[in-house]
Amino acid sequence: MPELKSRLLQALIAIFGVLTIVFFIMRLSGDPTLLLVPDGATAEQIAALRHVLGFDRPLLVQYGAYLLDLARLDLGQSLVQHAPVAGIVAERIPYTMALAGGALLVALGVGLPAGLAMAVWRGTWLERALAGFVLAGQSLPTFWSGLLMILFFGVYLGWLPTSGSDDLASLVMPSVALGAITMSSFARMTRIAVLDELSRDYVAAGRARGLSYGAVILRHVLRNAAIPVVTIAALEVGNLLAGAVIVETVFAWPGIGQLAIQSIASRDFLVVQTIVLFVSMVYISMNLLADLAYGVIDPRIRRDR
Amino acid sequence: MRALAFSFPAMLLAAGVAFAQPKDTLIVDLPGDVATMDPHLQWDTESYTVYRNIFDNLVTRDVSGKIVPQVATGWRYTDNTTIVFDLRSDILFQDGSKLTAEDVAFSVRRIINPALKSPQLSQFDQIISADVTGPAQVTLRTKTPYPALMAQLVKLSIVPKAYVEKIGDQKFNQEPIGSGPYKLRTWQRGVQSVLDSNDSYWRVKPPFAHVTFRAVPDIPTRIADLRTGRADITRGLTPDDAEALKGDKSLQVMPVATERVAYMFINALAGPTKDKRVRQAIAMGVDRDTIITALQQGYAKPVNVVLTPANFGYIADIPGWKFDPVAARALVKQAGAEGATVELLTSPAYDRRLNEAIQQMLGEIGLKVTITMTDQPSFLRRRQGSPEEAGALSQGRWSCACQDADGVIFPLFRSGSIWSKFNNPAFDAEVDAARTILDATQRLVHYRRAFEILREEVPGVGLFQDNAIYLARKELKWIPTANEAFFVTEMTWQK
Amino acid sequence: MIALSVRDLSLAIGRTNIVDAISFDVAPGEVLALVGESGCGKSVTAQAIMRLLPAAIRQTGGEITLGATSLSNLPARAMRDLRGRQIAMIFQEPQSALDPLATVGNQIAEALRQPLAKVRAEVRQMLVEVGISDPDRRIDQHPFELSGGMCQRVMIAIALIARPAVLIADEPTTALDVTIQAQILALLRRLAAERQTAVVLITHDMGVVADIADRVAVMYAGRVAETGPTAAVFATPAHPYTALLLASIPRLSDVPKSALAVIDGQVPQPADYGAGCRFAGRCPRADRRCVAETPALRPVADGRLVACFHPVGG
Amino acid sequence: MRRISLGTALIFAGLLAFIVAAIGADVFASNDPLRQSLLLRLRPPGTATATAYFPLGTDDLGRDLLARILYGARASLMVAALSVSVSLLVGVTLGLMAGWFGGWVSIVAMRAVDTMLSIPAILLAVLTVAVLGPGFFNLVLVLGLTRWPRYTRVAYAQTLQVAALPYVRAAEMAGCGPGRILLRHVLPNIAGPLMVVATSEFGLMILFEASLSFLGLGIQPPYPSWGSIMSAGRQYVVRAWWLTAFPGACLFGVVLCVNLFGDWLRDRVDPRSQGR
């Protein structure tokens, strides 16, 4: 438990660091007043709006006010949309979650079997073919593969909708584009983990007591190999959310990644800060979860806790 | 897939239903999402496109661009700063309440109240008061005689006083109620807004039962949507797209000349362009015709001034600078500016190709153009900052949405304006005079003199009148207008 | 009666022979020690018997017979059925030969091909037999909760629970403390005798051989150098290699007059195996014939076989 | 020395081609990558005029696509190499110090790593570009200063291991200062794993540069980058496929080669992980 406590403390420090960095970077980039006024506003009108919005206060005062609001769990109001930030971001989260979920499904569904197959059929043509596939997935620029997919499956074949977010069909292409890189890391990690386990004595011992190779893998190897894979899976969820920024832009997917890019462009500070805060909290809690998951998988750790 | 969609989160259901009978529903692909549904807040094209169909305005423009009554039946000046509006009394809001003079006065007061923090404040802050002066009459007063008032009022939507006061500004933005032909059913931020027809609308019967405005930022995706029939109409096509799609049998490309003028700003107060000869050389060095034929594919009309024929105050017979690279080069040499570095400030909002083309054209007359691209806020900060940091050149596409010269050359070139990097008392006097008299003929005299000064001093070069290019399914009938308004009531399915 | 018979077994990696026509037999209840330095091919021999050779190693010749069944051409499926039931194996490092994430009881039950719940009593009884105290608690524990000695007892339980005819023990005590070693060996000895299991004990430790083996086969560089009853071989080693190997064991009775006897040189690598006796390069008795010709195993006194042209005392 | 297989030879050939193309862009390009001919816009590959030949066609301002791709290779190479150097320098310095001094130095460094890693890299880059403005040097800075944490982690873990080795302790006893020990004894011993990380980051940096340029935040016009060529070409996907296809394929190929090289290098540095 003291271990968990110190991990939580570390997580809090990291989150505090994130919101501080993002706050100051955002403020250094200038405020949104100029974007809000119509063409032709005078300098006085702009100054007046800036004052009303509170951007003429010293930076540290603004920072203090932000922290104070945050401490009261008030994420503030969007300057562009004139609505509570929490609501604006919360509305987009399901979309990003659906996308990340789809991508994770692709990554796990393809990456784990591919990694397992590469380890089990090591040195065969199958391994080489899969290795090529995995490396290709890792080397594909998402914005390019996304474009190619839209062109081929959307426009040319007409199988999948070219845009939109209203049914499962429109989730397919963005999920594949986003899942490709994660799929590669899963496959590589699974391969390494399974290879590591396959070389252990308990595999030979299991076969020596009459288990088939497949049974040894199913009953013993997979569970042992899962330990390192779970760690990377947790980290990859964070990477998926980051990757969603590009994919959502290419596929016009209305998640928080797209919202983040738009909000940076419109200097909608609080929206950006809230999104980054959310993503880093997901990332950090995923790490914590992975640690806890060890305990479930690995009895050695369960005992230590 | 369809069956599976129902197990998917409820957020996705609405759209599935909307697709059930496509002919009932007009689907519009917009480049972005609505920022606010409250018509007194954001005034970007996307928001305006959507909420303008939910609300009625005091006055509006007809297809030809003329200002005509909508909620008002007529108006008259009682003196230079006082204008009286007579109102209709047969309009109902979508909640069944009656639209009264109180609502009109409230709408004006609301938008000019600084507490609302409306970004549109500067367009209306010439108004100092709005009072109910009869059962169906409202009187507005302006600080000074203000000829652009009517043009500004075209953008003023009437909101229901009782409802707004009851639910508050924030809630009103989420669940707006107007008196327009359509009412808001759902608004999924970042995704789409779905409107239902208001069947008791006073003016006409709304042509579609539902209208869906979807946010699709990517042009190729919008085009693909049109081709695959996922959407019926979209806007924001480039001339290249328009050319490529001309032959498509199921689609129609609809260009319309707008009041938006493409121009090149030239800093007259700092850097190498402080020298008038360099500015004139730039005006002669830009090959407007090649730009229009090659880059705009003809979807543009050259202008000699920084204004379009769609605006009041456009003087057609002011001569432009003829394209003459040899003379331009000589002039640059004469000014001792040969090889001088000229910074072109820009942002992703502006046509990248035009910047690069101009960079090369000015390179040929001996100026070394460097392009500095920043994002829009940073661009604005520099462009509107001091002359020293505003860069020597930048491309612009200006529309005041008021179709009046006052909304264009006053903010762009009047000294003291944040956009202006030009200081010419004679010019200032002309535009100042033109904005405080109501007589049109007199105003034109002032604008002619103002444009003559601009022609000589070149603090900016007019390039062309921009086109808005819409793409629609063949079966949709509609005529787009110069002010880029998007009235769904003007559209129908073709037989 | 013979429980396991290995005839002329040859193994190769690619074209390189690593085990060259070795033969031996084990009777029920008998312990045969396969002894030699590391790299002499004893472990791959064990793997070959189990038909669990790594993919790179092929059996190039010979015949392995378990009871009446020839293993060499048995279908994989049938071979799998024999493993654990007819022929079992225990490993050098008990802790790594057990799945760290599975409970002891579950792993023992696997040898019976039954879920633990069904055979719990049997498994518990087996734990008692291998000398694990508190079996009711241990049965649900994980390997990391057990000491190395206990883990090896568990391995023995896994190997013997299905009462196989043959047990192959690959260096079963090498990784254990000396005191534990003796206990484990005694346990193996007792269970083998009780259950009439034939044991092939693979070791490099002559001390272990002396403790437990009925018969011994000394391997050198992929061949059997000498084989015979343990007592006889220890008393009068016939092969020069055996003699030197025995001389290198420190004994309590030895007065440390000089440094321990050391065998000069190194075991040749399989790729360097030439014609002739493979020990010739290190053999004090080698002559020209030893280098040119391969000595066959031939009988000497006391039912022993030796592959040497110039046996010690012969 | 192992024999080099055909596959490995191909990887090296690919990388070499990339580097040679990048360095020798001016030699190989027969046309000026900046020279526009507005009347020859969007011409397909193989277009020839009286004065020029465009093997890969022209872009939307009538510039030679081949020349732009070659110069784009140079941009990719330079941005990736420089930003990897910057983050290597920052990350390794921090990691070495954290691993050697431990205590609060390591606490501060590792918390900073946590913080940086938990902000989505691309968002951080977009944000930073918004402050600094786009452009070549800013791009290098942004990528370099946001991508150091991975090196810090590796350097930290490796330093902890190496610092415990007897000869390092011996050097310390002999009175070597920490700077000398870290540079002379620790760094050479942890260079292998760092090189492996740097290679995979190199591939990532090429992708990042392209992504940022694709978003319009990278290399600025008129100078070409694969990302910005594609960003411009995206508008013309249907009409002028070559604008996205060729730079996309180059990007894919180069990153693939870099990743393959990374695998090869890892096998070399850590033979235990053979073929992983």
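Per-chain residue numbering starts at 1, and chain names A, B, C and D are given in the order in which the chains are listed.
As a working rule, a residue touches a chain if its C-beta (ideal position, glycine included) is under 8 Å from a C-beta of that chain, and two chains touch if they have at least 3 such contacts.
Computed from a predicted model, the values in this text were never measured in an experiment.
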| item | value |
| --- | --- |
| Interface ranked first by C-beta contact pairs | A-B |
| Distance between the centres, which are taken as Cα means, of chain C and chain B, whole angstrom | 90 |
| Chain centre separation (chain A, chain D; CA means) in Å | 22 |
| Centroid distance [mean C-alpha coordinates] between chain D and chain B, Å | 42 |
| For chain A paired with chain B, centre-to-centre distance based on mean C-alpha positions, whole Å | 38 |
| Multi-partner residues of chain D (at least 2 other chains) | 130, 234, 237-238 |
| Multi-partner residues of chain B (at least 2 other chains) | 218, 220, 375, 377-378 |
| Per-residue overlap in chain A, given as positions that touch at least 2 other chains | 29, 155, 249, 264 |
| Chain contact topology (line, ring, star, complete or other) | other |
| Complete list of chain pairs which touch one another | A-B, A-C, A-D, B-D |
| Chain B to chain D touching residues, read off their complex | 218-220, 223, 238, 240-241, 244, 290-291, 294-295, 348, 352-353, 355-357, 359-360, 371-375, 377-378 |
| In the complex, chain D residues that touch chain B | 34-36, 38-39, 41-42, 60-61, 129-130, 133-135, 216-217, 220-222, 232, 234-239 |
| Chain D partner contacts - residues on chain A that touch it in the complex | 10-11, 13-15, 17-18, 21-22, 25-26, 28-29, 122, 135-136, 138-144, 147-148, 151, 155, 188, 191-192, 195, 238, 241-243, 245-246, 249, 260-261, 264, 272, 275-276, 279-280, 283-284 |
| Interface residues, chain D side, partner chain A - complex | 111-112, 114-115, 117-123, 126-128, 130-131, 203, 207, 210-211, 214-215, 230, 234, 237-238, 244, 248, 251-252, 255-256, 258-260, 263, 273, 275-276 |
| Residue ranges of chain A touching chain B (in the complex, touch as defined) | 29-32, 34-43, 45-46, 48-49, 52-53, 80-84, 88, 91-92, 94-95, 98, 150, 154-155, 158, 161-169, 249-252, 254-255, 258-259, 262, 264-267 |
